[in-house]
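Could you have a look at this structure, given as structure tokens, before my questions?
Chain IDs A, B, C, D, E and F follow the sequence of writing; residue 1 opens each chain.
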Amino acid sequence: MKIAVYPGSFDPITYGHLDVLDRAIEIFDNVIITVAINAAKKPIFTTEERITLISDIVAATPSVEVDTFEGLIVDYARRKHAVALVRGLRAVSDFEFEFQMALMNRKLAPDIATVFLMPNEKFTYLNSSIVRELARHRTSVTDFVPDNVRIALEQRFGTPHRQRT
Amino acid sequence: MKIAVYPGSFDPITYGHLDVLDRAIEIFDNVIITVAINAAKKPIFTTEERITLISDIVAATPSVEVDTFEGLIVDYARRKHAVALVRGLRAVSDFEFEFQMALMNRKLAPDIATVFLMPNEKFTYLNSSIVRELARHRTSVTDFVPDNVRIALEQRFGTPHRQRT
Amino acid sequence: MKIAVYPGSFDPITYGHLDVLDRAIEIFDNVIITVAINAAKKPIFTTEERITLISDIVAATPSVEVDTFEGLIVDYARRKHAVALVRGLRAVSDFEFEFQMALMNRKLAPDIATVFLMPNEKFTYLNSSIVRELARHRTSVTDFVPDNVRIALEQRFGTPHRQRT
Amino acid sequence: MKIAVYPGSFDPITYGHLDVLDRAIEIFDNVIITVAINAAKKPIFTTEERITLISDIVAATPSVEVDTFEGLIVDYARRKHAVALVRGLRAVSDFEFEFQMALMNRKLAPDIATVFLMPNEKFTYLNSSIVRELARHRTSVTDFVPDNVRIALEQRFGTPHRQRT
Amino acid sequence: MKIAVYPGSFDPITYGHLDVLDRAIEIFDNVIITVAINAAKKPIFTTEERITLISDIVAATPSVEVDTFEGLIVDYARRKHAVALVRGLRAVSDFEFEFQMALMNRKLAPDIATVFLMPNEKFTYLNSSIVRELARHRTSVTDFVPDNVRIALEQRFGTPHRQRT
Amino acid sequence: MKIAVYPGSFDPITYGHLDVLDRAIEIFDNVIITVAINAAKKPIFTTEERITLISDIVAATPSVEVDTFEGLIVDYARRKHAVALVRGLRAVSDFEFEFQMALMNRKLAPDIATVFLMPNEKFTYLNSSIVRELARHRTSVTDFVPDNVRIALEQRFGTPHRQRT
């Protein structure tokens, strides 16, 4: 059985992440989507909240497991007997950083491949930080995140001022 | 069973391609490495010669099949019931071209993912065109291609002038 | 009155070009879309055919003029009393080439600005060469070009083999 | 009347910004240069100081208005009935970030175009952060900012130690 | 006598830096490797510790001097009568930042060239920040830094948990 | 004595090349500027004409030698006892190609460094192909090439139609 690990901050998870996850599900028998616990960053959702949001979304997909990790991702992946790390690539700026990480991870764990998948081009401009920015300005995020994430953002920042046309 | 297609010109196949192939083998149950038949280009090896060279190299790997294709790669991949196209990514210049191809292929065949894998950084500078150039100048290609490819290149262009240190 | 020139090969014109043109029309009082006459290239449509295809498409838009040019684009723009050249930017690879052209044109004609506009992200992967390639393989181009261009391509290369789903 | 909005931090405004502004003035009937109020950043000049510096510089240009904004730039632009956002593009690193912003803004406000203009290549290396760094080290900034900005920087950080040759 | 200055944070120095230094030694008669004193950053090693680590490593190389600097690097380089600044280039993301710095430095000191050298591709993914991250997670850094740096990191963060294979 | 080799097509040599050459002269004791003999390309000037044009320009600079080469540049550089290859870097698009060439050359000849130098930003947009294009359209190239090259181009393509302002 081929297992892959899909690590990230997912603060919050967006349709871009879910598009990459869908692709990974088609390729691997099992995908573990795993939230990085990073003491340095101040997320808007706690690790537990992010786990709950993601678990709700993937509840109906038996081949996906939701988890958290600390430390080096390759150590985590090895403990999970994964053959691959999954990463989304949207743009050149993603690419170089991801490339260096992937080369270092390959050096640290030659037996674990990094697999790059590409979200739909309509998610090229989408990332969690833009979603947080929109929510902070009480702008509708309906097109960018699933309903449960949208509701969680509205509870945090308030409902949108107005409808966009 | 998860099948992937790894298309290319492979004129000739290099250690960079084989490194990507090895990664693909770990991820997919079956990998079809398939040589593009392109009337416009003038290859140094015929399609048949390239098939033979690759077949020799992968002879001991039962999960790899060698084939050729014409036309759109997504049509070929669909006929083969593949879930994914495999592409190697070495550098930013690769990335943009590959990205546009992958987006177009996704548009044409939404059910087939493009999976990007990264060769070892020691193959960053390696491609078939550099290998041909070295062989033409009768410079040793031992570090860049398997023995059967090296011999085929020497039969075409002559043995290397001298040893490098 | 602010006039802009939008130069290109347009062999053939695609929805990506038309998206850039629509943006230019909102900004300038008059836009001249002008087909480069380039003896070196072998286009699939003659200059006259391309002019006809574009003219049909923009027939109902009085602020757009269709024309051809030879020689340096800045000389042409100056003769047309344009304040700007319009260029579409889709990706980093576009960017560098366009940047160098724009700097040279600025050097040659400091009074004419180059204005970069961005097509919708759904046209990121779209260019005339991919459209020609699809048409050659008799694959549907309905999503990429207007009807009159699609018909002209089918007359040249034949109707698509099959419908995509 | 075609109105454009040129947003930025302008802390401080440089000859690079003014070069982009000059280009925008040629293209649009009215340009609103607008200073982003960002509570998170610690600028060296207050919003009011930046407004004053810019207003002094453009005093003789009736088609330019100076303003401030908070929140999403597209909401501001819509309130101002602008047809376009103006952004300067100097390098590939600018490009990707700007591209993602422009795509998101296009999604949020399809009726407002982002127009990219290119400063003279002699400003390729110039940005506000480098100007602040030079001023902090009491190095002459005569070549990079107008006189009133230079004087304001010298009042803050002291006069340059020496003349460069 | 041709003198070059090689500036950096070197927190800590890695095999990537040393590879660039080796190249510089072949080209220049004298190379001054100089540690930037930057009050803003919180390094893991003090300036003195970094000087000591580097001095130990280059002790047997008479043409290398170790030093520190504050302020603009071009002012420092001029005081040292250097003809060139040395910078390592590993990837496109390095390139743009370095390019802008080099252009600004060229403007400030036209008589001092910036010389870009390329470390071995096996150091493409290597930088001080990744080394610090690995040491923090008590992962072996044997392949990335000389022995004295490794020992200093282990004294700070503890010895590695386990051997990698 | 430190010798460097500066290879290129130089068809024709421009102020951009000469700017890089000037930088190299400051760094190395001896610089060999060497014209690549490439049977595949159709240059506008013969190898002999290019040698003559360059020789005229550097006649007063005793530390520069003009030469030609065939085959691999590293073999040539080794025969000349060079410590370095000199390459100009203007933009990201240059960078990737040059990077791959430099890595391959480093592999083939570890004792010869590739040194990247940066022309003045005013030459960012300048290359031989643009100069040829301008000359073909009988546009003044005074700002881009030395007088002897300009005269040679005018003899080939005719004098400019008009003065630019």
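Operating definition for what follows: a residue touches a chain if its C-beta (ideal position, glycine included) is under 8 Å from a C-beta of that chain, and two chains touch if they have at least 3 such contacts.
Note that this is a predicted model, so its numbers are computed, not measured.
*Asks:* Of the other chains, whose C-alpha centre is the longest way from the centre of chain E?
*Replies:* C
*Asks:* So which chain is the furthest away from chain F, centre to centre on CA atoms?
*Replies:* Measuring from the centre of chain F, the most distant chain centre belongs to A.
*Asks:* What is the distance in Å between the mean C-alpha positions of chain C and chain D?
*Replies:* Chain centres of chain C and chain D, defined by C-alpha means, are spaced 31 Å apart.
*Asks:* Rounded to a whole Å, what is the gap between the Cα centroids of chain A and chain F?
*Replies:* About 48 Å, centre to centre.
*Asks:* For chain D and chain E, what's the span in angstrom between their mean Cα positions?
*Replies:* 34
*Asks:* What residues in chain F touch two or more of the other chains?
*Replies:* Those would be 92-93, 96, 99, 103, 121, 124-125.
*Asks:* So which chains actually touch one another? I want all the pairs, not just one.
*Replies:* A-B, A-C, A-D, A-E, B-C, B-E, B-F, C-D, C-F, D-E, D-F, E-F
*Asks:* Mind pulling up the chain A residues that touch chain B in the complex?
*Replies:* 2, 23, 26-28, 83-84, 89, 92, 95-96, 99, 102-103, 106, 111, 113-118, 120-121
*Asks:* What part of chain E is in contact with chain B in the complex they form?
*Replies:* 92, 121-122, 124-125
*Asks:* Chain D touches which residues of chain A in the complex?
*Replies:* Where chain A meets chain D, its residues are 91-93, 124-127, 130, 134, 137, 139, 143, 164.
*Asks:* Which part of chain F faces chain B closely enough to touch in the complex?
*Replies:* Answer in residue numbers: 71-72, 75, 92-93, 96-97, 99-101, 103-104, 107-109.
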